[in-house]
Structures are given as C-alpha cells and as structure tokens.
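Given below, in the form of structure tokens, are the structures.
Paired with subunit B in one complex and with subunit C in the other, subunit A is shared by the two complexes that follow.
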Partner chain A sequence: MARFIARRLVQAVLVILAATFLIFLATFALGDPFASSGEKAVPPDIAEANREKFGLDKPLPVQYLLYVGNMLRGDFGIDFDQHRPVSQLLEAAVPNTVRLAIVAIIIDVLIGVIAGVIAAVKRYSFWDVLVTVIATLAIGIPVFVIGVVLVANVSGWGPFPSVPRSFTVQVPWYQEVLLPAFTLAIIDAAFIARLMRGSMLEVLRADYIRTARAKGLSERRVIGKHAMRNSMIPVVTYVGVSLGVLFGGAIITETIFQYNGVGYLLSRAIVNSNAPIIIAVVVFSVVAYVLISMIVDILYAFLDPRIRLG
Partner chain B sequence: MTTPTSAGPPADADATGSALLLPGPDAAASGTTVPLGARGSGQFADIRRRFVRNRLAMVGLAIVTVLIVLAIIGPYVTPYNAFEQNLANTLQPPSADHWFGTDVLGRDLFSGIIYGCRLAILVGLLTVAFSLLIGLSLGAVAGFKGGAWDAVIARFIDIFLAFPPLVGAIVIVRAVGGGVTPVIVALVALGWMTTARLTRGQVLALREAEYVEAARSIGADNRRIVMRHVLPNAIAPVLVYAFTNIGVVIVAMASLSYLGIGVPPDVPEWGRLISQATPFLRVEGKSHLWLAPALAIAITTLGFAFVADGMRDSLDPKLRGGN
Partner chain C sequence: MRRSRAALSAIALSAVVGMVLTGCSQKSNTGSNGGSQASVGFPETQDLPPVAGKPGGTFRLGITEPTAIDPYNAQESEGILVNKALFTGLVNVKPNGDVYDGVASKWEPNADCTAWTFTLKPGQTFSNGEPVDSAAFKRGWERTSAKDSASDVAYHLNEIKGFDEMQAGTATTLSGVDATDPASLKVALSKPDCEFNLRTAAPPLAPVPTVAGAADNKAYNDQPIGNGPFKMDGPWQHDRGIKLVRNDTFGAGPKANLDAVEITITPADTGIQAEYDGFNNGQFDWARVPTPLLSQARSAQEPKNQWISKKTAGINYLLVSVTTKPLDTADARKAISMAIDRAAITQGIFQGSQVPADAFIPASFSKVYQPGVCEACTYNVDEAKSLAQKAGLTPGTEVNFQFNTGGGHEEWTAAVKQQLETNLGLKVTYSGVPFRDLLKNEQQPGATGLFRAGWTADYPTAGNFLTPLLSTAAIGAATPQDVAVGDNRGRYSNPKFDDLLAQAAATQDEAKRDDLYKQAEKIAIGDDLALIPLFARQQFRMANTAMFGNVRMDFWENPTLSEITLK
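== the complex of A and B ==
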C-alpha cells in the first residue's frame, strides 16, 4: 500500500509540474502586456520599469522557477489591473467554489443513486422508462442551456437571488448556492443514475444476491445492503472525477449565476486579459483536479485490493 | 416507413467515418472473417437491425441528418446574410419576415442559427476526425510496441488528462490566438487521450490473437498487421466514443464562445448568441434571443447523443444491461 501511495504521489507531482509549465508557456505566448498598441502608447521607460517590476525581463526558465517558488510560498503575484494580490482573490473565491461543489455533489448523489436504484429494481416499469428518458435528456443538454433557462425563469423568485446580482442586497450563502448547485447536479445526477442502474442490474444477477434472498432476507435488506453496496464502485469513481472538476471551479455555471467562485474569477480575468489571475486559477484548478483524483485512486485501492496489486 | 430513410443515412454516417479513418468499416468486415468467419457480414446486419429498431436512435439519426444537410446547404437557403447588421431593426420579435426575430445588432436570428449550425457541424466533425487520427495512432503504437513507447505515451496522456477540459481549452486558445482554427487545435489537443487509451487497450488485447500470429507467420510486417488485422477489429468501441464526442465538442466550442474565447465576436455562433442575449434573459418578450440558440444546441447535442447511444447498444447489446 505504501508503495502504491508513493508511486501515485510522485506521478501527481510530475503531472502537476508538466502541466504548470505548459500553462506558463501558453500564457507567456500571450505577448507583452506592456507593449504599445494602437489603443495605448506606453512610454518605453515606463514599460521597462513595469517589465522589471513584474519580472518579465528575465529569461523564460527563470521566470518559471521564480513562479513555482512563489506559488509554493502561496504568492501568486499581483494582478495587472488593480494590483491586488492574487492570493487574496483566490482566498475569497475558493470557499465559495468548495461549498458549491459539495452541495452539488450531495444533491446529485442523492438523486442519482435513488433514481438509479428504482430504475434497476423496477426494471421496464414506468419509473425505469422515466428515469432513463430524463437521464438521456439531461446528459444531452449542455449545462449552460440549463443555467440560462433557470436564470430566465427561476432566479429572483422565492429563495433564489436574482441574476444579475444587486450589490446592495446581501444574500446568505445557502440561498446563493442553490440554483448553481442544482444546475451542476442535474447532469451529474443523470450520469450517476445511469451508472447506478447499469451496475445494479449486473449485481442483481449475482449469486450472492440469490443466496441472500434464499436465506430469507427481506427484499429491503437485499437491495439496501447487499446489492447497493456492491454496485456503488462505478459511482464512487465518477463522483471522484466530478469532485475534482468542481473543485477546480465550474466556470460556465458560476459565470451564468455570477457566483463568486474561482470559475467566475477566471471568466472575468479572461475578459480583461488579466494574466496573473488566469495563471493562478488555472494552476489551482489543475492541482485540485490532480490531487483529488489521486486521493480517489488511493481510497479506491484501499477498498479494492485488486487495484493496488495490479 | 422507417426502412428507406434508415437504409440511406447509416451508409452516409459510415462514409463520413471511413473517409476520416484508414481502415473503415469495410476493412472491419473483412478483418473479422478469420475468427468470426461463420458470422461475417451477418454480424453487421444484426448491428444495423438493432440500430433501426431503436426508436431513440432513429430520432437522433433524423436530427443529425437534417443538421448535416442544413450545414451544407445553409448559406444558399438562409433568407438574410447572417452577418448583416441593421441597427434600425434590432430586437424584433419573431415575425413572417424574421422567423426567429432579430438580435441585438439587428441581424436575422434564423439565418444566424443556420450559420451557427454550419460552424458547429464543421468544428465537431473536424475536431473529432483529428482527435481520432492522433488517438488511434498513438494508442496503436503504445499498445503494439509496448515498453518505452507505451510508458512515454502513457505519461503524455496523463499530463493532458490533468487539465480540467474547459480550463485547458481556454489556456490553449489564448496561446494560439483567436478564431475558429485555434478552437479546433485546443479541442483536438484535449480530445485525443480517451481515444488513445481505448485503442491501446483494444490493441493490447488483440496483439496476442491467433490471427495476428497467423499473419505474422506468413510474413506480414508490423505495419500490415496493425493496419489490416489489429485496428479493424479494435475500432468499433473507438468509433462509438468518437461519435459521442461530436456533441461534447460542439458544446465545448459553444462554452468557449459563451465566455468570449475563440470564435470572433461578430460570428453568429450559438454560444456567442446566448452570451449576447444574457442582458435580456429576464426581459419580457425578448426570450427568442436566448431560446433559439439554446434550443439549437440542445437539439444538436441530443441528436448526436441518441445516435451514439444507439450505436453503443446495437454494437454490444450486453452493455445495455442484458436481457
């Protein structure tokens, strides 16, 4: 087990280093932010001073090393626009994103598992067809279409804050999080329902289920304990990947609902080409994604010995 | 009634598929003759029959066919130039003149949606074709050669998979520059890994097959073995995945344009149209602005998803959960 964890850890670190370097290269290729253009003339001495201030005068590999060194100390630089420390912006945004991710995951696991189990147990019934059709539709419809429909029809109604947001009204976080979490949960719940239905159908044919029934256990116990536990593995994997993506910021959903998480931070930074914020958020997303998939893999190996030996 | 429509379109879909791929379904049929000689072409007839019987898949096929036709003939049938702005005639509700109304720049929304369809189909097909090419090649090399090749390719796959997809695309598009081509480059760069993994797994399993040994014993070289014997037998699940991916790619492009990345602002791309409609989301009587592009995207992705599901179920009925 220790060897498995060590190997997975080294792998994660290498992937993070490679990915951050790619991000860094890609952003460097964006061009010189202090160059004169048609819209603005930058006096050469000021441009030079700014390049020096932001470290853009150093060779590329040095810039990368400096950047990684700074990141490890929690310093993501200051943004080009208003000269705020990027780490503060991240600190403000990350808790919102984490809340959104957790609420979304709870909603989608609840809906997905229940719907999947019902569909599998009552196979070919009305409920099965309903679950399958809704799941297919939900998976096919892009998240921002769902988001836009909800903003147009539901926001500003009942407990849901209106979009665009008014700056004068403070809304508690649990009201703020509802609609975006629900939007994110719809598609994931559909995937989970499908996975759960498929794996449940497989498990229900297994010998140990027949044994459990044969020894006279109640149907409730057979389904709830024996069948459900054994059909959760693909769901757990899916939730792991999904959590990784969500912790990195749901860019589209957060932007549609103007929800102050890292995704919305990123989309605003994109609009005004604010490179330090873009790099910081992208690095954050990648690191969150890689670390969470690593943790899920390790948990998984813990649960299923075949994986760590293989 | 379904038979004539169904006989044509699947052949079309196959033709587009095989044009992008080296061996194609015909080769697949001949490739399977050695181990599955008894079933041969009958296997394909079975697959087609299962597909045709799947109502949802046929609906999807109808949608996809209409979309492809629209994409081809689009510019010749649209009532207006999709780019032409008329600032004296903005935000009009749907009417006989403008079926879907006009947008914030006074452009005819119906023509814009048709243009967007052309763009979506073009980008979807090109991206998936290039991803297939890269994924199949790297996957086949990794699976067939093994050793250092496999290890290096696996690391590359890991690195590219480490990017949350949309985040990665944003980084790449911004690095390559604005426009449609950078969007395709970004989506290909982030779209080949699963194909490569799938192909690798398939090739790895088939490498030891008896007919591969037989081919080698009569002196076929690696290239011929991979192209004629291994890939044709490995390709079915890879093609299904690729088809599933067309919808994903179309949504990804729309998401990027929604965020203001890639496709230039004056192009009536679906995601862009939705983002331009955002200020009017809660305005009475302006819902056509977002409804038209939102429906267009939803119908398109659903169409491709239905066909992909049908393909998967008819290729391998077991995946459905058995009978």
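== the complex of A and C ==
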C-alpha cells in the first residue's frame, strides 16, 4: 500500500511540474504585457522598468525556475495590473469555489442517486422513461444556457439574490451559492442518474441479491442496503473526478453569476492578459485535480484490493 | 489617450450578437449613398433643467475594475471616475470642456507661456486635515514622474522642466516646480504651452498628502486620501466594489449633495451587459448599453427622460503610413477615403450608435469643429476612382490593412475591406492581430497601408487631437530607419503644420489659437489627409432621473457625481 501511495505521489508531482511548465510557456507566448497600455504605446523606459520589476527581462528558463522556486514558498508573484499578491487573490477566491463545489456535489448526488434508483427499480415504467428523457436533455443543454436562463428569470426572486447587485447588498453565502450550484449540478446529476441506473440494474441481477430476497429480506432492505451500496462504486469515482474539476473553478458558471471563485478570477485574468493570475489559477486547478483524484484512487484501492495489485 | 478596455470588450461581445442581427441589413445598406449622412445616428439629448441640491441619497453604478484610483496611475475612464471624486486638481473641467477653478483661484502664464503661476485658494485641506498647499502638488507630481513609480500616465507631466531627469532616475525633485510659497505654485515648462492649465485637470496632476508615501504604498493605493468632493469609506474591495461618502471638509467648490456613491465592480468582458441588467433590475442608477440593445433601450428610456446621448471628444480613424507606397500621396489616401461608405457602416453595423466623421477634430469642440473640412470623407465612388487612377492606385494594387482583434473591430473593418475591393478593385491584405502586434507593426520603419486606430482626448483642447497624432516631434523616430515610438506612427510630417501648432501653443488669445488649430487641421486633414477619419464618438447612458436630478455625463463620460442630488 505504501508503495502504491508513493508511486501516485511521484506521478502527481510530475504532472504538476509539467502543467506549470506548459502554462508558463503558453503565457510567455502572449508576449510583452507592458508594450502597450490599453491603446497607447508605453514609453520604452517605463516598459523597461516594468519588465525589470516583473523579472521579464530574464530568459524563459530562468524565469520558470524562479517562479517554481517562489511557488514552493507559497509566493505566486504579483499581478500585472494592480500589483497585488496573487496568493491573496487565490486565498479570497478558493473558499468560495470550495463551497460552490461541495454544495453542487451534494445537490447532484442527491438528485442523481434518487432518480437513478427509481429508474432502475421501476425499470421500463413511466418514471424510468421520464428520468432517461430528462437526463438526456440535461446532458445536452450547455451549462451557459441554464445559467443565463436562471440569471434572467430566477435571480432577484425569493431567496435568490439579484445578479448583478450593488456590492453593498449583503447576501449570506448559502443563498449566493444556490443558483450557481444548481446550474453546475444539473448536468452532473443527469450523468449520475444514468450511471446509477446502469450499475443498479447490473447489481440487481447479481446472485447475492437473489439470495437476499430468498432469505425473505424486505424489498426496502434489499434495495437500500445491499443493492445500493454496491452500485455506488462508479458513482463515487465519478463524483471524485467531478469534485476535482469543480475545485479548479467553474469558469462559465462563476462568470455568469459573477460569483467570486477561482473560475471567475481566471476569466477576468484572461480578458486582461494578466499572466501571473492565469498561471497561478491553472497551477491551483491542476494541483486540486491531481490531489483529489489521487485521494480517490487511494480510497478506491482500500475498497477494492484488485486495484492495488494491478 | 485614456484607455477604455471595458468599452472595447463590450463592443466585441455585442459584435457577435450584432453579426447575427445585421447579417442581412448590411447588404441592403452598402448600396446607399453618402447623401444621407446627416440623418445617421441617434440625436443628442438636451440636459434636463437643473434641480436645487439637497443633501442625501446613495447613487449606485457599475464599472469594470480600474487599473488604479491612486492619482499616480489612474488612467482609464473608470479609474478617472473614482479619482475625480476623491481629488480636485488646480482646475476643473465642465462636461462641455470649459475650464473652471479647482484648488487654484487663478492661473497665469508668462508672455511666451513657458512659465505658469497658479494662485491657490486659502485654507484648503485633505480629508485627513493636511493642508492642500503648493507643496502638496509638487509632491504629487514628483510621485507620478519618479522612475520607480513606473506610472503609465507620467507623460501628462512631460512638458515640465526636470521631467526627463525624474524619468531617468537621476533626479528626485522636479526642478521646474517651485513650491516655496505655499499659496502659489510656479511651474517652468521646457517649451511654450498656453494650454498647460488644462493638463492640471488630469488625475496624475492631483495633489497628495504626505501620508501618500511612495507610489508602491499599498495602503494608500487602495484607500487614497484626497481633497475631492467625496472620500473613501473603507478601502477599495478589489473585484467587489468601492464605496465613497461625501467629504464635508471639501473646500474647492460647492459640497456634494449625495451621502454616498456605491460603485460595484462588474466583469471585464461583460461589464456593459452587467450595467444594463443592473439598471433594469433596479440595482444601478447609471448604465451603459450594449450596442445591439441601443434602439430598444432608447425607446424604453427616452420617453421617461432617462436616456442620455452625447457626442464626446473622441474619434475612430484609419492610421495611414504616409511615407511608404502605395499611400504616400494625398490623392491615394483621398481615393481610399472616398471609397468608404461610412453611413452604410454606421447604420448596418453600429446601429446608428456612431456618426460618420466629416472632420478630425470632433464636434464636441464646438469652437474649432469645422464640418466638412475632410472633403474626402464623403462617399463618392466616381471621384475615388479618378483619384485612384491619378495616384497610381490601379485595380489589383496591394494595400495592407490591419486591425486589432478582441476590440469588436472585426465586422466594420471587414466591411471597409470589402468596399475598397468592390469600389476600387484593390487587393486588400487584411489581417487581425493582437493590439500589441498592431502597435509594433505600425512602428516599424517599413510599415505600409492602413491600420485601425481610435483616440479620445486627455485634455479638453483640439490641440490634443493634432499635436500628439500628427506633429513631426510625435513620430518619435530620429531617422526614417528608426522605430516610431510616438503616437504619430503614420510618420506624417509637414513643416507648415508643425509651425502652426507651435504658434498655437505659444498663443494666449483663445480665439486666435482656435483659428490656428483650424488652419492646421485644414492642412493635415483637408489637404493632406494624413489619416482617414471614419466615425465620431458618441456615447449613450441610461440614468435614473426619476430619483436623481442633475445627472449629466462629464468630459470623461462619467456621471457628474459632485452635482447629482435627490429630487
């Protein structure tokens, strides 16, 4: 087991290093951010002073090594526009994204599992068809459509705060997070419903379910205890991956709802070509994704010894 | 020029929608002739009658995150909005560009306008109680021009003696600024400028208190202490908002009426849409309008007197490389200009939100504006063809035409390209590149052809359109083989034009100076057509005039916060 964890850790570090290098290369290709200020040419000496200040006068490999060195000490540099420490920007955005991700996952697991179980148990019934049709539709609708429709029609009503709203309007986080979380959850819930239905049907055909029924266990116990637990495995895997993705920030949803998470931070940084923020957010997303999928892998290995051996 | 990043991206967004909406109308419009130019565009609105001020009220609006609100680096319209509420410079500017007193009660140049004396109003203080004396101005100007500040907007101070030394880092004080008498500020310039007083309205020339410290003082950057009609209520909450409250110690003019101004930060790429949505859901009292929604917004708001439409001090034009073939003759440039159907583009693509230009100096400078000075700005295909013939711009000639991507310029530049190809048979090499590449390409010694460009005024003077864009000194290249680092990247150079501008800069009499500007524009645009004016800038706002009075658009296209009052 220890060897397995060690191997996964080494892989994770390599992935993180490779990803930072690629994103560093990509933003480097954006060119000199100080040559122009909006639509005005910046005087050469001022552009030079800025380049010096941001270390852009050094060759790329040196810049990269400096960056990685600083990053390991938790220093992501300062942003080009307002010269704020990028780590502070991340610190402010990460908790919001984590809240959003967790609430979204809770909503989609609840909806997805219940819908999937109903569809599987009442196979080919009206409810099964309904779940399948809705799930297929939900998977087909792009997330921005759902988001824009919710902003236009639901926000500003009942517990859902207006978008946009004056920044002095105080909204508790659990109200602010509702609509974006629901938007994110719809597609995942549809996936989970279909996954759950499939694996549940498979499990219901298994021998031990027949045995359980033969022993005279109530249908509730058979489904709720024996069948459901075993058909959750693919769902757990999917949720793990999904959580990793969500922790990295939901760019479209957060931007539509003007929700201050890392996805919104990234979308604004891209618009302004603010490379230090872009790099830091991408690094954070990669780290979040790699770590969470690693944890899921390890948990999985605990659950199923065959994975450890393979 | 100020940058308006948000405006540009919003046009980009709306262009996507616009493309769908105007796909058909564009075609039917390209056949129309230039004769209908007068009717193109939305009419300007009149200001509502002024209302007597009374204290109270909170005015709310959205802006995109400014680069800075601290004077040393406040630059785009959004940063200027906050900065002008927090600081008052030596002079102030009215919405129409007229100058009136700020901290200075009077100002006087010497005979040749190389030295200025500003007399300060007595008893002025910052909101923390520090005095606003001549030293406060010197402090602020040195803070902006110091090398270590790396300000993007230090160029506002470049006429002052000692500026170059500050920028080079060889001096720590601006030698041209004398603050020995607290009640008067004496400024020595390195060349005559009879309009230097206008520059002192620019944010980088604001006074700062001693607590400001150096330009990298984070605490002050986020919560500047100033001498304006408003002061900060807590620090700038980045990406969230800025709250201002009335400064009751304000002494440079009438106190503000509003209790507070709540400025919410909107997303950079969809800021205009957010402002529009926020106005409609009752969160904001002032908003811009996405281009595709202009007609709709106007018909909804104009009957309620909540619609503001003004021509402002800006222009969109084509920068032309005038020293290289094939556009090195005035005839060739006029042929290009006359082959462009501006009216069709403004109607088909801009939905009437921009006006075909017939001069380079915009109509907002009413005393200098010369309608029709750009004779070649009229659409006339036959004349264009015969001029092209004369200039050797024969069918099949290759003309380079570049624009910057991401600014919403794709559609109208494509229309210009198509018109040039259809009307003159030219082979237009058309490409979109990122803005910084466009800049680089314009700067190169061998640059040829046309480049998209835009300009908004920093100071309310016509000279701000001519000197930085067309004077020989503004090329910024010692020889034709050098890179042009100034704003005159078309490399237009005409001694007669330069001479008129030099005379204007040294002429104290306003009417005479305006006349010199007119003559200069006649030469550079009317005769030489050194650049091709396309569309005059016009701006539109929705304003909550049901609740607030005296809501107008100022010179920087922002609401007149210091005058707004509850009704």
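Here is the rule we use: the second predicted complex is superposed on the first by the 307 of 310 C-alpha atoms of A that agree within 3 Å, B and C clash if a C-alpha of one lies under 4 Å from a C-alpha of the other, contacts with A are read in each partner's own complex, and residues count from 1 in each chain.
In this section, a residue touches a chain if its C-beta (ideal position, glycine included) is under 8 Å from a C-beta of that chain, and two chains touch if they have at least 3 such contacts.
Here the structure is a predicted model, which is why all the values come from computation and not from measurement.
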Touching partner for A:264 - first (subunit B), second (subunit C), both, neither: second
Partner chain in contact with A:165 - subunit B first, subunit C second, else both or neither: second
First (subunit B), second (subunit C), both or neither touched by A:50: second
Touching partner for A:286 - first (subunit B), second (subunit C), both, neither: first
First (subunit B), second (subunit C), both or neither touched by A:25: first
Touched partner set for A:129, first subunit B, second subunit C, both or neither: neither
Touched partner set for A:84, first subunit B, second subunit C, both or neither: second
Which superposed partner A:13 touches (first subunit B, second subunit C, both, neither): neither
Partner contacting more residues of subunit A (subunit B vs subunit C): B
Which superposed partner A:144 touches (first subunit B, second subunit C, both, neither): first
On subunit A, the residue positions that both subunit B and subunit C contact, one per complex: 151, 156, 162-163, 255, 267, 271
Subunit A - residues contacting subunit C, complex: 31-32, 35-46, 49-50, 53, 81-84, 89, 151, 156, 162-169, 255, 258, 260, 264-265, 267-268, 271-272
Complex interface listing, subunit C residues touching subunit A: 1-5, 9, 60, 62, 65, 67-68, 75-76, 147-148, 150-152, 154-155, 167-168, 216, 221, 237-241, 243, 262-270, 274-275, 277-278, 281-284, 434-437, 439-440, 443, 453-454, 485-487, 489
Subunit A residues touching subunit B - in the complex, by the definition given at the top: 11, 14-16, 18-19, 22-23, 25-27, 29-30, 136-137, 139-142, 144-145, 148-149, 151-152, 155-156, 162-163, 197-198, 201-202, 205, 244-245, 248-249, 251-252, 255-256, 266-267, 270-271, 278, 281-282, 285-286, 289-290
Sites on subunit B touched by subunit A in the complex: 56, 155, 158-159, 162-164, 166-167, 170-172, 174-175, 247, 251, 254-255, 258-261, 271, 274, 277-278, 281-282, 287, 290, 294, 297-298, 301-302, 304-306, 309, 319, 321-322
